[in-house]
Each structure stands twice: as structure tokens, then as C-alpha cells.
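You will see chain A twice below: alongside chain B first, and alongside chain C after that.
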Partner chain A sequence: MSNRVEIQTVWQKMMGVDRRVIYVIVALVMIIPIIFPFDLPIRVSERTTQALFDAVEKFPKEHNAMLISADLSPQDQPELYPMLVSLLRHSFHRRIKVLAMCLYANSLGLAEQAFNQVVSEFNNRATTDEERIIYGRDYVFLGWKPPPIVPILGLGENIFDVFPKDFYGNDLNLQPMMTNIKSYRDMDMIASIAANSLPITYVAYAQARYGIKVTAGVTAVSVADFYPYLDSGQLTGMIEGMKGAAEYEKLVQEKFSDQERRMACEGMSAQSTTHIAIILMVILGNVCYFMQRRHENRRGV
Partner chain B sequence: MKRNLPLYLLFIFAIWGGISVFVGKESVHEIDNLLRNKLLLIVGAFAIILGLGSLIFHHMVKIRNKSRYWQYSYVTLVSLFISSFIGLFGGVRGEKSLPTIFGGLVLLAHDGQVYAFQNEAEMGQFKASPDKFVDPARAVMPLPSNVEAPLSRYAASSLRDEIELRASNARRNGIQFEMISPVTGKPVPFKKDFRIHIQQLFEGILVPCGSTMFAMLAFYMCSAAYRAFRMRNLHAGVLLVSAFIVMLGQIPLATAYIPGVYELRQWILDVPNMASKRGIMIGVGLGAVATSFKIIFGIERAWLGGDE
Partner chain C sequence: MNIATEFWTWNAAILTIAIFSFLWRDNPLYRIAEHLYIGVANGYSITLTYFNVVVPMMIDPLVNAGKMVKQDGFSTAVLNPFNDANFFIILPMMVGALYITRFIPKISWMVRIPIGLTMGYYTAISIPASFEAGILRQLEASIVTRAQLAEFWPGFWTIVILLSTLATLIYFFFSTEQKGVLRPISNFGILMVMIGFGASFGLTVMARISLAIGRFIFLFKDWLGVVS
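And now, the complex of A and B:
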């Protein structure tokens, strides 16, 4: 009898374990793989990541352009920033003209940081001016203009009406690449990288009205919301959270022998161990719960 | 009038918005563009002013009344004014008149090349008689075509970033990267600049604070999952099993070594998830249309605020 009481107390004790113990476990399973990342077998999703990669690959060689709506914030940076970086690397490898804008002010810093990083990577390798990525010739950063509906609809009519100047205060119409780009009609795709429903807003307003292709880079927690749009073909591929970003990094690296840092692949180690830890904790919590309930039923509580 | 004018304006602009989508006439589109690109922008700008005013007023009242945690209101107000001042007069990356970049490696653009110096005096010597010292072999890099000489604070800061990246890449590949002063012929050690422009404030304060706040969620989530995610009934069981499968589908190791996990995850997202999402979306869409009509025709007036 005394043994039984001891076992029952163990279940109860385990259910009420100090939360700091859980915090320490989570910290360890997160920090160790960040310090010592390991390679994981990345399987590329055909309908989402591969579809987007293929769509970008099919851009015409001349007069191609993509609008990137970079609406990421520090909170979702680990998931969305690697997507933006990979998409920029892919676009610049393919010499696609990139226009970028933000629909929220707090996205400007990270968007600019991503451009600076990728442009430095390319320029560091470049030996000629042709190989360099040059502002105004290869990309333009439009900046931010509130409220979101103004640039989303306005860019369909005339970019210069909405953004007479770029983020750095230069006249937009003086930028060399803008001679051929006036509105959505001169672009091949919009890539909306956001942790909210902005890609759906682009589908509803930009695609429905102007017929431009839209793709999305979204956080893993909101992926389920976008599947109906992917299934209907309104979204041309999608990058799903850090896993999708790692897949895109892999595709870009394989295609262009890119040796730059793969942030999402590094992050996947920590994300995988944390997911495993959560699954094990939920299983353990439920085992304790059922054992305790069984004990209470036996005692007739 | 005070009550009816907003209702009339809403009715007119809402009907106009609908017409402009279906009428293909150029003049209609032009008016629509004017309304959207000019009028809506002005309204948006006023909304920001209103928001700022409201924020300042709220915190001033909090400080005056010594409400709970009133001390933090000082942090908000001081941060707001300092960052606004730096942003307005110093620019995002130090491109405006207020100096926000200090010190750092001394660089000079000359004859399409970028040279590095130990200090300003050395650079002065070079500038005084460039023909005596100019030596393309001692240039750090060619001047990028989009950068103009003389270098602005902003341009010099960007070039320093590029030099730092080149140096770190060279070190990584085991190559010696050295900058030699064209005046003294001695190596110039790399010196970072001190920046307080908006981009630096964002990268140095907002990004770490935001990331920390969000990272803490992972700890709370794990603790909550352990304590509260229980299979109490059939519905909770279905939710638990689905969550497990979708979560396993996110783990590359699981998809590689547990057969069927990836396909099962995809099936959950493609079939039950999509069916329920579509149902919700259609319901929300119909509800939004109905509410919009109620607002346009003045039946729903809660948006007017007050007692309306």
C-alpha cells in the first residue's frame, strides 16, 4: 500500500513539476543545436517551395521584374528573414529586377538589412561592374507608404504616383531600371513575405484586379490559412515557415552553387529538437494525467 | 448634420468605389486614382498624426495622475522624441545633416579608387599632393559606380561595412587581407564607426527586444503544452493527434525516417483543414458583404462612435 501511494505521488509530482525545470529543458534543446548545428535531410515540398522556385526560374530573361513586399518584424525574423534573403539571392542570380516595399514601418529596417547582406555577398564575389548588384540598376527600395491599401492598389495604376521618391529620397523616375517598370503590368510576380494575412490582401486586390501572379512567404503557424489559395492557384507556390526557407536555401544552393550562409538550415536543427521536446513533453504530461486519473478512479475519488 | 454628413460621405465614396471597378472608362479610373493615391494618403497621414497625438496625450495623463507603472510612460515619451529627432534630422542611415556616424576607418575616394588611412592628418597629406602618393596597388577597392566622390558620411559607412565583410570572408578562406596606407606604406587596422542613426537603433534595440519577447513564448508554450494539452475527450484527442502529425511533418528527421508522416501531414492540411477553412472563409465573406451593405445604407452606425 505504501509503495502504491509513493507511485501515485510521483505522477502528481510530475504533473506539478516546477515550470523552471521545463524552461531549462527547452533552453538546452534550443541552445545546444544553435551552437552545434547538424545537417538534416531537407525534403523539398513540390506544391509549395518547388512551385515557387520553378515560377521564378520561368521568369523571362529580359524585362523581368518582381515586387517583394517585405513585411517582416523582429518577432518573426527567424522564419521570414531567411526566406527574404533566399528569394533575393535567387532573383539576383537570375538577374531579375527587384522592387521592394514595406506596408508597415517596423519592417523597413529588416528589409534594408536583407538587401545590404545579399548585395554585399554578390558584390564581394564580383570582379566586374556587370556582376555587381547596383542600386537603381538591379533593385530599388521603395520604402513604406501607409495605409497598405494605397500602395497595393496604386502600384497597379502608376508606381510614380504612389512613390515619387524611393526610400533614400531619390527621384524614382531617375532610377535606370524604372524606365521599363510603371505598374503591375510590367512585373511578373508579387512576393508577399508576411506573418499576417497580407498575401491574401494582395490576392484580393492586386491579383483580382490586375491579374498579376502572387506568391507568399509565411510563418509556419499561419500556413493552414493559405492552403485554400494555394489549391485554387491564386498563390503561385509558397514558402512555409523556417522549413520552407530551408528548402528554398537548398534549391538556390544546388542550382547556383551558392556557398553563402544558410540561416534557415542552421535554425532547423534547433527547431527540430524543440519540436521533439514539445511532443515528448505532451506525451509525458498525458501519461501522468491518465495514470493519476486511473489512480483516482481506483480510489473512487 | 454632424451625424448625417459622415453617412452621406460614406455612401457616396462606397458606391463610387464599386462603380470604378466595373466601369472601364479612363476618366472614372483617373478620379479613382486621385481619390486613392492622394486623398487616402492624406487621410493616412492624418491618422498617423492622430495616433501620435493620442499616444503622447495618453502617457502625459498617466504621468500626471501617477497611474500604475507611470514611470514607463517616461521611457515611451523619451524614446519617441529621441528617435523622431534622430530620424527627422539624421536620416535612416545617417544621410541627413545631423551627425549620427562617428569615427571609424578613414576612407578617401580618389580617381575611381578607395584608399584607407590611419587618421585624418594622413588623409590631408594625400589630398595636398595626391600625385606624389597615388598608387592603385594600395587602393582598398575600386569605387563602386553608384557611389560618388567625395564620400559622404553615409557612403563611407557603407564602404566600411563592405570592407569588413571582405576582410572576414578573406580570413575565413585563409587569405591575408591588409590595407596599406598610400602615404606611410604601413598597414591600416580596421576601425568600426559608432552609429546612432535610425537603422542602428532598430538593429541594436528594437530587433533584440522584439526577438527576446517572442523567444520567451516558446518557453511558455512548452510549459503550457506539458500542463494543459490533455486528451480529456475525443475532440481533444483528435486535435492532439493532428497536432502531433503536423508537428512531426515539420521535422526533417521525422519526414525522412518515419514513412507516411509527410503524406499524412499534407493530407491533414489539404483535406480537413482546407474544408473547414473554406467553410469559415465563405461564412466570413458573406458576413462581411452583409455588414458592408448595412454600413453603406446607414443601418449599422456603431462605427460613428458615441451614442450612435
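And now, the complex of A and C:
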């Protein structure tokens, strides 16, 4: 009898464990695979990542421009930054003209950093002027214009009215790339990289009014909100959190033999081990709860 | 081990550790990092707003219009809101300035003017857009067509979506008591809602883990250089 009471006390003790013990366990299962990484197969999701990759692959020559709305911020950088970098690498490999803008001020620094990183990767490898990525010819960074609804609607009418100058203060109409790009009519797709509902805003205002395709790169926490729009065909593919970014990195690497750093893939082994640890802790927590309840019922508490 | 030598990498690493220290307990190091973040973020936003909005959209048109009048004399062109140089901008500026009346009790009612204008604009612009994208297209997507049933799994999931949509709508239909045939349908609806919540929780965990992993990669790879 005394032995049984001792076992029941263990359940109670486990339920009351200091949360800092759990933090240490989670930190360890995260850090060890980062220091000693191991390869896990990355399975590409057909409906989401592959669909977006295919859409970029099938970009028509007559509308060879994509608008990237880079609305990432430091707090969602580990998920969204690798997506933006992979999408830029893919676009530049395919020589798609990229027009980028931010709808929030705190996105400007990270968006510019992503462009600088990818452009220097391409230019370091380039041997001819054709292979280089040149500002104004291959991409233009429009910068930021608040509130979000103004550029979203304004770009459907005339880009130059909303952004007379680019992020660096140059006259937009003097950029060679812009001679054939005046509004959404001259683009094939909008890629909204955001941690909030901005992709839905693009669907509601830009797609419904101007008929342009919209795709999204979103954080895992908000993915569930976008599935209905994916199912209805309003979103053309989607990158879901760090997992989706790793899938996109894999697709770009396989297609173009791109050997640059794959930031999202670096975190995949740590993500798997942490998920296993959390699943085990959820199961353990529930077992402890039910065993403790059973013990109390038997004692008639 | 290839530890970083750049000042800003060290700066970011120390601030990351300072923020993580809150997991142990609240402490002065965490407070410093927190206040620094808020201060820098606000300062950055205010500066960008000033140079990207206030100067090009408010100050420049007025200054340019003033120069035009001084050079060529007054003309109706400086009242045209579509010109780069115009005095018309004073009107929306005055309406915007009415927000400040909130702090003057006698005329605080005037704050309703800019609030009313803003609400009216956004309501008018968002109702048709939300209706089209969020209701009509979603309704259209829930219709089962013969083409969707051509293959087993896509057809199966289409039917699941249709049934769960109907059941969830019935669960949230409060105008009549849910008994008889409505009861099992409503129970199926709540089951679907619970599965949805579970999926959202799982995705939230995945997102938070990703953020922590991002920081640990920064600390161990970019800062300490212990990962090749």
C-alpha cells in the first residue's frame, strides 16, 4: 500500500515540475542537432510549396515581372527571411524581373538585406554582364508607403503615382526595367511574404479587382487561416513557415544546383527533435493528469 | 570554433542572451534589452515616417507651391491636388490635425470628423472586397463538382470540407434548440472545430520553435562559430 502511494506522488511531482526544467530540456533538444546536425528527408508538399515553385517556373515571358511584398520583421525573421531569399534566388535564376516593396517600415532593413545577399551571391559567380544581377535592369526596390491599402490599390492603376521614386531616391521612370511595367496588368504574380493577414488583403483588393495571381509565404502560426484561400484557388501555392522555406530551398537547389547557404534546412533536424520532445511531453503531461485523477478518485478526494 | 569579431554580431548575441534570461526570471539585463528594443523600434519608425511620409507628402508640396507663387505669381495650378506643388494639401492636413482636439475638452467633439472620414472610407472600400474574396469565392469553392470527384482522395477531401462546413455552420446556429437530427450534426461540427483548434495549436508550436531555432543558429553558427 505504501509503495502505491509513493507511485502516485510521482505523478503529482511530475505535474508540478518547474517550468525552467522544461525550458532546459527543450533548449538541449534544439541545440544538440544544431551543433551535430543530421540529415532528414525533406518531403515537398504538392499543394503548397511545389505549387508556388511550379507557378514561378511557368512564368510567362510576356508578363515577366513579379511583385514581392516583403513584409517580414525581426520577430519572424527565422521563418520568413529564408523564404524571401529562396524566392529571390529562384526568380533571378529564371531571369524574372522583380519589383519589391514593403507595407511596414520595420520590413525595409531585412528586405534590403535579402536583396543585397542574393545579388552578391549571383554577382560573385557571374562571368559576364548578362549573368550579373543589376539594379534597375533586373530588380527595383520601391521601398515603403503607408497605409498598406494605398499601395495595394494604387499599383493597380499606376505605379509611378504611388512611388514616384524608388527606395534609394532615384526617379522610378528612369529605371530601364520600368519602361514596360506600369501596373498589375504588366505583372504575372504578387508574392506576399508576411506574418499577418496581408496575403488575404492582396486577394481581396488586388486579385478581386485586377485579377492578378497571388501567392503567399507565411509563418506557421498563421498557416491555418490561409488554407481556405488555397483550396478555393485564390492563392497560387504557399510557403508554410520554416518547413516550407526548407522545401523551397531544396527545390531551388535541385533545379539550379544552387550551393548557397540554406538557412531553413539548417534548422530542420532541430525542429524534428524538438517536435518529438514536445509530443512526448504532451503525452506525459496527460498521462500524469489522468493517473493523478484516478488516484484521487480511488481515495475519494 | 570560429568566433565572430564584428561588433554588431556581438551586440545582437548579447541582446539575444539578455532576452532569453527572462526564461529564468525577470532581471535588469532583460529590462535593458526590452527598453532598448522599444526605444530603437519607435525611433526607427518615427524617423522613417517623417522622411517617407511627412516630408514628401506634406512639406515638399507646400514648399514647392510657395516657391512657384514667389517665382511666377499665384495661379490656380497651386490648388490642383494632382500637382507636385500645391496648397490643397493644407485641407487634409487640417482634418488630420483635428485628432489633437481630443486633448482640449471644449472642442474634443471635433475628433469625430477625422475618425468618421477614416471609418467611412475603410468601411466602403472593404465591404465589397471582403464579400467577394471571403464569402462569394469561398461559397463557390465549397460547391462539389463532378470533376472534383473524378479522383478518390481529392473527391474525399472535397466532401469532408463540405460536410464540416455545413456541420460547423449548424453548430453556430443558435436560433433554434439543437435537438433531434440537429444534435449529431452539431456534435460533428464541434468535433471539426476542435480538430481545427488542435491543428492551429500544433502550427503555433512549430512557429515558436522555428523562432527559437533561428536564434540558436545565430548564436552557435554566426556568433560562436561552433557549427561549420
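Here is the rule we go by: the second predicted complex is superposed on the first by the 298 of 301 C-alpha atoms of A that agree within 3 Å, B and C clash if a C-alpha of one lies under 4 Å from a C-alpha of the other, contacts with A are read in each partner's own complex, and residues count from 1 in each chain.
Please note the rule applied: a contact is a pair of C-beta atoms (placed from the backbone, for glycine too) under 8 Å apart; a residue touches a chain by one contact, two chains touch by 3 or more.
Because the structure is a prediction, the values reported are computed rather than measured.
Of the two partner chains placed by the overlay, chain B and chain C both lie in contact with A:146. Legend: residue contacts after superposition of the two complexes on their common chain; A:77 is shown touching both chain B and chain C.
Of the two partner chains placed by the overlay, chain B and chain C both lie in contact with A:275.
By the touch criterion defined above, A:174 lies against neither chain B nor chain C after alignment on the C-alpha atoms of chain A.
In the superposition on chain A, A:108 contacts both chain B and chain C. Look at A:28: by the touch rule set out above, it reaches neither chain B nor chain C.
In the superposition on chain A, A:228 makes contact with both chain B and chain C. Within the superposed three-chain model, A:287 lies out of touch with both chain B and chain C [touch as defined at top].
Once the two complexes are laid over each other on the shared chain, residue contacts for A:10 go to neither chain B nor chain C.
Taken together, the two complexes place residues 23, 26-27, 30, 75-78, 106, 108, 145-146, 149, 153, 209, 220, 223-224, 228, 231, 241, 243, 271, 274-275, 278 of chain A in contact with chain B and also with chain C.
Partner chain B is touched in their complex by these residues of chain A: 15, 17, 19, 22-23, 25-27, 30, 40-43, 73-78, 106, 108-110, 112-113, 116, 120, 123-124, 129, 132, 134-137, 145-147, 149-150, 153-154, 157-158, 161-162, 167-169, 209, 220, 223-225, 227-228, 231, 241, 243, 246, 268, 271-272, 274-279, 281-282, 284-286, 289-290. Taken in their complex, chain C has these residues touching chain A: 23-24, 41, 44-45, 48-49, 52-53, 122, 125-126, 129-130, 132-134, 137-138, 140-141, 161, 196, 199-200, 203-217, 220-221, 226-227. Partner chain A is touched in their complex by these residues of chain B: 21, 29, 33, 36-37, 40-41, 44-45, 47-48, 92-93, 95, 144-146, 158, 161-162, 165-166, 169, 198-199, 202-203, 206-211, 213-214, 218-219, 221-223, 225-227, 229-231, 240, 244, 247-248, 250-253, 255-256, 262, 269-270, 273-274, 277-278, 281.
Per the touch definition, chain A reaches chain C in the complex via residues 20, 23, 26-27, 30-31, 34-35, 37, 75-79, 105-106, 108, 143-146, 149, 153, 200, 203-205, 207-209, 219-221, 223-224, 228-229, 231-234, 241-243, 263, 266-267, 270-271, 274-275, 278.
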